[in-house]
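Both of the next two complexes hold chain A, though its partner changes from chain B to chain C.
For the complex of A and B:
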């Protein structure tokens, strides 16, 4: 499974990057490929290309604020959660993502 | 210098603080940051930290909280850490009391502060690693607190 996503929080200095690390660790544990862009005080890092997004099975947006380039995810299955959820339950979020993809494939 | 050495001023690390409340530990850490020359107005910064507290929970679970504020009272981005002898009440994702407080001080303007802010974000990323948090909780000296991140 290939996941893309964006992390962004209100101040843009702490939760964004903790969420990123938690999700990367959880994806690694589940054996999924993940690429997360961060939008914080220091700007955008690890930016997703259109190809990254087109190749992905699902997008996880762990965001507390409006993000730049939201329209990039218009054509992809996506889950949007607050950064708190990504920090508190990253493994559950991975399970949920797998379920969502499975349901879509069966539909 | 590593990210950790750069981000962590030993003077802004308090091991086994006896602070009895959220307010006490915030004031203690802000005072340390003021002594280290990172915060110009302690009361002003405290107010901005509480503004962020009012916007959402800063306890990230596992007994750790990450209060932070963007403030004109911060002269240079910095981080301060306290380990507490007695856990204190704090709004957190898992409703556990807090025994480790990591305070991020962020400048109001990013101008001229990009390098420091990048360093803080790299430092924050380490807090997403449970192994780091476990080492931090076991730390009994300033040296061990710094080592927890390396």
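For the complex of A and C:
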């Protein structure tokens, strides 16, 4: 399973990167491939390419604020959550993502 | 009703605007704080003679003066994207002119954003006139209608409300001061710079814009004292021969401490997330004490941000320092007592995934 996503919090110096780290760890643990872009106050880092997004099964958007380039995800399944959920329950979020993808594939 | 309210995504738009506001507050706030600390005046006339520190304070003050426009533009942008920027700016300016200040800017931003969306949706032009839409119709109509609403309808009442609130807060007795200080202290500290803190920040910033400096001072105090308190906890723990942080956490403290001096609380987050409940309890108790003391002694920072640099701008710095020390000691001691001891060279524990909070489907949007 391939996941892409964006993390962005209000101040853009801490929650953004902690959410990124937690999600990456949780994905690694579950054996998923993950690429997360961060949009902090410093600007966009680890930017997603159109190919990344096209190849992905799902996008996890851990965002508290409006992000740049939302339209990039128009064509794929999105899961949008506040950053604190991604920080508190990253593994549960991975389970949920897998479940959503399965449902979509069956439908 | 609840779902309609949720659809407006008020909080999301406000937080987006605040994310644009914070760097302005920090940049301009540091400038005015440094300038005033060296005796500069924040209302110097830069076309006449002025000192370097006057220039710094005056520009910082000017930067802080545009906060109503920043908040309205940020909200309008969050709602309506690029077409929201121009009307957001103009309506924010209208709010400032009519004396509705920061609250006016906040409400004006929503009006601007929604007006733009409505115009895009309902104003239909013949094909030949489509080019007029982005250049004329949207910016003109949204700014025009928004300014009319701001100036003739809501601006006045918001201005009266702000004046009343300022007067009310200016005449608080000591008991109410303690109470408000305690509230600000707890709310501003317990989510470490998260959404609750930012909401309180928007509120106390409004107060400061109308001349009441004490509430924002309480917020500055707790935001400094939390990371400093976490640092103190390390040493207080040592006094009891108790080691409360693992190696990684001690490294975290080394960056969190200098950040704390300048009122950036987020440095301690990695520690907090390892042990949320104990940390939040210790922080909340300390914040309550610090906030209450700061308000009680009417510590009054003239700048909205700056941490240590805010102290020279106060006319009553002693109250601030007493509150700061008390907050640091209380948070530090509480944390040192509450936290479980860890061996010095403990490896990072394997995280226990079963203890994760259940997902609340209300928080998750799938599309």
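We adopt the following convention: the second predicted complex is superposed on the first by the 107 of 107 C-alpha atoms of A that agree within 3 Å, B and C clash if a C-alpha of one lies under 4 Å from a C-alpha of the other, contacts with A are read in each partner's own complex, and residues count from 1 in each chain.
The rule is simple: a residue touches a chain if its C-beta (ideal position, glycine included) is under 8 Å from a C-beta of that chain, and two chains touch if they have at least 3 such contacts.
All values reported here derive from a predicted model rather than from experimental measurement.
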Fit-or-clash call for chain B and chain C when the two complexes are aligned on chain A: clash
First (chain B), second (chain C), both or neither touched by A:84: both
First (chain B), second (chain C), both or neither touched by A:98: neither
Between chain B and chain C, more extensive residue contact with chain A: C
Contacts of A:66 with chain B and chain C, given as first, second, both or neither: second
Partner chain(s) touched by A:14 [first = chain B, second = chain C, both, neither]: both
Contacts of A:42 with chain B and chain C, given as first, second, both or neither: first
Where chain C runs into chain B (options 188-196, 206-214, 314-322 or 350-358): 188-196
Chain A residues contacted in one complex by chain B, in the other by chain C: 10-11, 13-15, 18, 25, 41, 64, 84, 87-88
In the complex, chain A residues that touch chain B: 10-11, 13-22, 24-25, 38, 40-42, 64, 84, 87-88
Interface residues, chain B side, partner chain A - complex: 52, 55-57, 60-61, 66, 68-70, 93-94, 104, 106, 110, 114, 117-118, 120-122, 124-129
Chain A-facing residues of chain C, complex: 12-13, 15-16, 18-19, 22-23, 77-78, 192-195, 198, 264, 266-267, 269-270, 273, 351, 353, 356-360, 363-367
Residue ranges of chain A touching chain C (in the complex, touch as defined): 9-15, 18, 25, 29, 41, 64-66, 77-82, 84-85, 87-93, 96, 100
